[in-house]
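First up is the structure itself, then whatever we jot down about it.
Chain IDs A, B, C and D follow the sequence of writing; residue 1 opens each chain.
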Amino acid sequence: MSFLEVKDLRIHFPTDDGLVKSVDGLSFSLERGKTLGIVGESGSGKSVTSLGILGLHKGGRARISGEIWLDGEELVGASQEHVRTLRGKKMAMIFQDPLSAMHPFYTVGDQIIEAYRIHNDVSKKVARKHAIDMLGRVGIPQPDRRVDSYPHEFSGGMRQRAMIAMALCCDPELLIADEPTTALDVTVQAQILDLMRDLQRDFNAALIIITHDLGVVAELSDDILVMYGGKCVEYGACEDIFERPEHPYTWGLLGSMPRLDREPTERLMPIKGSPPSLINVPSGCAFHPRCAFEERTGGLSTTQVPELLETEGGHLVRCHLPRERRRAIWENEIKPNLEAS
Amino acid sequence: MHRRRLGVAATGAVLALAVAACGGGSGSSTSSSGGSAAGSESKSEFNAALTQVVNPSDKKGGILKLANPGDWDSLDPADTYYGYSWNFIRLYGRSLLMFKSAVGKEGNQLVPDLAEDLGTPSDDAKTWTYRIKKGIKFEDGTPVTSKDVKYAIERSFDKEVFPDGYTYFNDFLDWPKGYKGPYKTPDINTDSAIETPDDHTIVFHLKQPLSNFDYFAQLPATIPVPKDKDTGAKYKEHVISTGPYKFEKNEIGKGFTLVRNDQWDPATDPNRKALPDGYEVSTNVNADDVDNRILSGDLDVEVTGVGVQSAALGRVLSDPAVKANADNPVSTRLWYTSVNGNVPPLDNIECRRAVQYATDKVALQNAWGGEVAGGQIATSLLPPAIPGHEDFNLYPPGPDNKGDLEKAKQALAACGQPNGFETNIAYRAERPKEKAAAEALQQALGRVGIKLTLKPFPQADYFGTYAGNPGYAKKNKLGLAMNGWQSDWPDGFGFLQQIVDSRVIREAGGSSNISVRDPEVDKLIDQAVRETDTNARNALWTAIDKKVMEDAFILPNVWTKTLLVRSKNATNIFVNDAYGMYDYLGMGVK
Amino acid sequence: MTAPMDVTGGDTHATPEAVVGASGGKAIQGRSLGQIAWMRLKRDKVALTGGLIVVFLILVAVFAPVIVGAFGQDPTQFNSDLIDSSTMAPKTGTGISAEHLFGIEPVNGRDIFSRVVYGARISLLIAFLATLLSAAIGTLLGVTAGYFGGVVDSIISKAMDVFLAFPILVFAMALAGTVPDSAFGLTGDALRVALLVFIIGFFNWPYIGRIVRGQTLSLREREFVDAARSLGARGPYIIFRELLPNLVAPILVYATLLIPTNILFEAALSFLGVGVRPPTPTWGGMLSDAVRFYTIPHFMFFPGMAIFITVLAFNLFGDGLRDALDPKAR
Amino acid sequence: MGTYIIRRLIWAAVMLTIVSIITFAIFFLVPRLAGATPESLASRYVGRTATAEQVKDAAEQLGFNDPLIVQYGRFAKGIVLGADYNYGPSVEHCPAPCFGYSFLTRLPVWPDLLDRLPVTMSLAIGAAVIWLIAGVATGVLSALKPGSVFDRAAMGIALAGVSLPIFFTGIVSLVVFSYGHPFRITAPGGSFTPFSENPAQWAYNLILPWITLAFLYAAGYARLTRAGMLETMNEDYIRTARAKGLSERVVVVKHGLRGALTPIVTIFGLDFGLLLGGAVLTESTYSLPGIGKYAIDAITNQDLPKVMGVTLVAAFFVVLANLIVDLLYAVVDPRVRLG
């Protein structure tokens, strides 16, 4: 069994308007030292998945089913209290917007110290020293002074570094980064990604990066999971996804990714329409209303939900189009456009 | 024991009982002085303390606990003007004369206190001489001399320092011109008013003959004040005692305690038993709570003697066991409505008479608190307990006491206002009973078309600025004004002079008389003041009463009755008619 | 009980991002604020109940003479016959009967029902007018301060500080107690009502003023105001055409919530004896009379409950209105 | 920070001056509008029995004939420098701050106020402790389970709490728990025992007013806390706190409540400041001899020096509370900068 195994995870929220199926039958696995990128638009269920793994939906209104195995332990059925002791210690999370994700009224140091001391029975002094160490490790200059600063006194990049320091302070074996660079300047993004890569190597942790930006995962990930409407639509090794993507949605994502190596005159290829309602999920393939190739399934996609099937070694795709046709469309219609330069 | 007491108080008892009967109470003189060994165990009855000493005892010791729902006006003998305070002041101050500490009518009797005897008048009653006992000392051991008495009266002259007091001495003694009291004019010789030929003689010189000066001599202003201890307005914080008790602690606004004064010599004082070891008085206590605590035995006396509040009334009257421990005396207070002849159309006597006829006396009585806690319906001015009182009713209010509307309409027609008229009625905003009475009048007079508008005024300025200010009253058409008066002492002068003599009316305001302006009445008063024969004098007061009622300048409402509850822990409880409440000098602790 | 638990606001746990965007997006389109508010309000049963009670009370106040006339009891009519002349209590304990639905007052036997009904008039009239005055002054000065800023703003803001520093009740008492009985051509109840409206309204305007000022400050920076300004619109135009329409909702909400405060204020002043003059019935005045007769509890019960229900109804309605107009506001 | 505080203190002084001028002017003008003359004002000081001449003297001596500005100047001077007062046999100096002498008791107002302050403070502090604990706890619990039975019940009670006039609840509480009961929950007023004298008696005398007052205020705080908590518990930093593995209690109290604290602190400061200036209705209902009762008595008796004293003390507390709230802001929320 892998270090992290998610099997048929379903996270549903009952609301006044109906049942919201944020995550609907998701499965994947991840080893220590490896990185998984989860890609999808807003509302595709990727953040819900990450919070689900951390057990943060427990006790709320969410209905969770399926299995999450972390280092041989099942988390979905485990007690809330037990999962809590794992949080921060065994698995940690880096959030999207460090300004709002850090408590504005406590110093950065205090927040790291707090995280450290929950899981380590040490004095405040020791914890403080550790916090300074951690801040130093994530590249914050003069950590012994900055430890007493408040989040609003940091720059965006520094804040994210501090956030990372907080997540890593207890040596987690699983690190989930939810859009870790979205709120940052482009120049800072690269630094943070570099930092995370280095740290992952140092800590030998399993890393899940959640993003809507394929560019981010391209740099870091070993595997990539593309989510749409709460379901996995494509899953595979990094180069599979970039070199031989088979799902029309993945194509769309690749097409809408701005690239420096493209002609400035060339237009992006955005995906039409907007993400699906998770209450009234479109019948059949959830993506069909937005899919440019929908008619090529012969109406199948409007009526039947496609299965997630393996096409070749570890590459899974959820699409009604026959494999050959997908390859053909990619090779003939999509790829040339993307590589038009 | 009871019998002996009753024998002494016989004359007084008759009147007191008659009064009680009028009020509908079950006043009874049958005291069960049966076989029970200890007198204090005798069965209590409603109104028993009006005619006898309840729980008689000579046991010394214990602390008597008193409470005052308001602030004490002042503890300074020169500056206190409340009956309860004069009742209480005898515990720490000795005036020249005093009212006897005795049951009922006997309490109206003047007895010597500092003085060896009652005053000796000159033939024209313009000069009064008193001899002061020897061996009386202040609490610090200094002997009391006539000079201390003289000084005390002199200082009471200064109304800027002592504004609350009375002005009898100011008005009647022959003060030198320009005299402003010992603080402002220390060098003026006042021998023209008061002479002290020796340390034990004091002579008063009056501007005019005064037949009843002895009543002046019982006023607290004659309580000696040592000049070197006088702190003026602050003297009330520590009054130097001459009585059996002195101040231990005094926090103005909260309360004070009295302890025994070891310099008081009982040999000089036949009037005071001084049974308790001390007194604990708290002021500004919630009135309803006071009632409840007295009923539960937590507290002994509500010191102002106004009786139980409305809330406790039902509790006391409906429970026979509680009622048996209560008394319902009539006091010498009259609640009345001034009918201002300066405000048209009330300048017409017929219109004033219409007001008298149209009044619903039952509603008024209810407004004042009913037949038990309110009062007895008054038809004239002089209260029944004051000599000169005569039962007469010039404006019979119909068989049901609710007014004679026919007569009222006739009077209105005679006045030229057949359809009634509009005017205002003033009352003190802080006094719910005055408000209720004003509302009752509004209702009653409305029946004949006299439309009243209620005008509440703050009581602090009621007489000075508003209702008692002739200019203001006229300008603002205050045709009627709620008013009340309690006799300073039980005789016609003490009751009537301040409220019917038109010469006490000041244009600047402040006088209690705000409506009676009749030169004939003034003449009768002068006559009465000079009259040395008691019976003839009392007849004159009766005549004044009748004249004012004929003029219809005053609409009498009720003579106050109060429902007092006896303390469970106190002994020697009895009502002294001079104060219309329990006598605080006699009370002891079980 | 107070706030309808809307989907997003009420969730303590992480909420899927999709819910808001997907389900709400279409519904909101093409509806005015008023329509949305009404839709929300309709769903809020509690607030609706409050609103109905408010309407009922207003009707009671307006038709007080009719209602009281139907029962044949004048609010100032004495019924001395029904009073026990020694205890001053109603002979039957409360005096409650078919004629006197709420019983009678001790001492004079006035009908409590008709006094409570008439009390609604004074209470609501003063509360409404005072609120109107507060809202008018508050809006005027709040908009002025917020729009013009600078010195004007700081003067008005400081004035608000000064007003809020006054011990209002003490001051109101002192003023209401000393004003003469006829002034400004008014006498009697009219003068007292005017005086109370003035005192209550005048001292409460900073509460609305502050909110309006804050809203104006934020509105002033918004694009549509910039747009209007760039098109050459002048101050008054911007204030009346651009700002005020957007301020209506908060003013309405806070004015509604000020009404119950003012009802309590008026009741307190009447209770302390400086309200409308007797015998005109007021709830606070009745309570103050009833205090002396606490052993006759029905006397204090009815006016006390009248105040309570009225204030509660306004609070419920105002809360609902606030949630409906601005679910994010506290 | 230092200059900020100095600036605020200066403004506070200015504000108090303005308040005092307005108060003085109103109490100077209103009685005169109502028809009072310098003499009738002076007659309050010399009593009803004084002669016209005495009244006139007093009016002159008290300076009632002087123009408003002169009289105010004298009053202000008394506060800053103290004043001399004629007691009769001796002239005494009334040290600053001298608010003048009550014409009723002829005692200086300032010591009276100092005397009353402990009562009002005891009332305010005790009630504040109760309402803060009860209100905030209720608000937090309500916010954790919005829409639950507890939440609905608590918010219903809270709304009832703000809708009940305190003079009604006060009397009802006295009738139910105090008057004439063998086991009285509290002394029904008029009695106050200083804490330093007997803490148990102190609390016993005040428990009913505390609870009544707290009930009124707790309601508002519960609603305020609930709203604040609903908002903060949705903040990202709460998710972060949970992700750290903090127990729910720590998350709610240390992170959630801390985040919702700012409005509570603001409102609390202002409420408390207002309360210290006299809980007029509570004190009058329970006959507690505090600043508020003093104010009522002063107004009832038209005792101008007392009214001025009370108004200024009350305004002082409000101004002080404002200042403290603003300073507290910076403590509560490090993002706030004073200046």
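Heads up, the rule we're going with is that a residue touches a chain if its C-beta (ideal position, glycine included) is under 8 Å from a C-beta of that chain, and two chains touch if they have at least 3 such contacts.
Values in this document were obtained by computation on a predicted structure and should not be read as measured data.
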item: Contact-richer chain pair [B-C vs B-D]; value: B-D
item: Centre-most chain, if every chain is reduced to its averaged C-alpha atoms; value: D
item: Centroid distance [mean C-alpha coordinates] between chain C and chain A, Å; value: 52
item: Between chain C and chain B, distance of the C-alpha-averaged centres to the nearest whole Å; value: 48
item: Euclidean distance of C-alpha centroids - chain A vs chain B, Å; value: 93
item: Separation of chain B from chain D, taking each centre as the mean of its C-alpha atoms, in whole Å; value: 39
item: Multi-partner residues of chain B (at least 2 other chains); value: 288, 311, 315, 430, 458, 476
item: Sequence positions of chain D contacting 2 or more other chains; value: 31, 34-35, 179, 239, 300, 302
item: Sites on chain C at which at least two other chains make contact; value: 11-12, 14-15, 177-178, 180, 288, 294
item: Of chain B, residues touching chain C in the complex; value: 24, 288, 309-315, 317-318, 360, 362-363, 365-367, 369-374, 402, 424, 429-430, 432, 435-436, 438-440, 442-443, 453-456, 458, 476
item: Of all residues in chain D, those that touch chain C in their complex; value: 11, 15-16, 18-19, 22-23, 26-27, 30-31, 33-35, 143-144, 146-147, 151-153, 155-156, 158-160, 162-165, 167-168, 171-172, 174-175, 179, 223-224, 227-228, 230-231, 233-234, 239, 263, 270, 274, 277-278, 280-281, 284, 292, 295-296, 299-300, 302, 307, 310-311, 314-315, 318-319, 322
item: Touch list for chain D against partner chain B, complex; value: 31, 34-36, 39-40, 43-52, 54-55, 57-58, 61, 86-90, 104-107, 112, 115, 178-180, 182, 187-191, 286-287, 289, 300-303
item: Residues of chain A defined as touching chain D within the complex; value: 51, 54, 56, 59, 84-89, 92-93, 95-97, 100-107, 114-115, 118-119, 150, 152, 166
item: Contact set on chain C toward chain D in their complex; value: 1-3, 5, 8-12, 14-15, 158, 161-162, 164-167, 169-171, 173-175, 177-180, 183, 260, 264, 267-268, 271-272, 284, 287-288, 290-291, 294, 297, 300, 304, 307-308, 311-312, 315-316, 319, 330
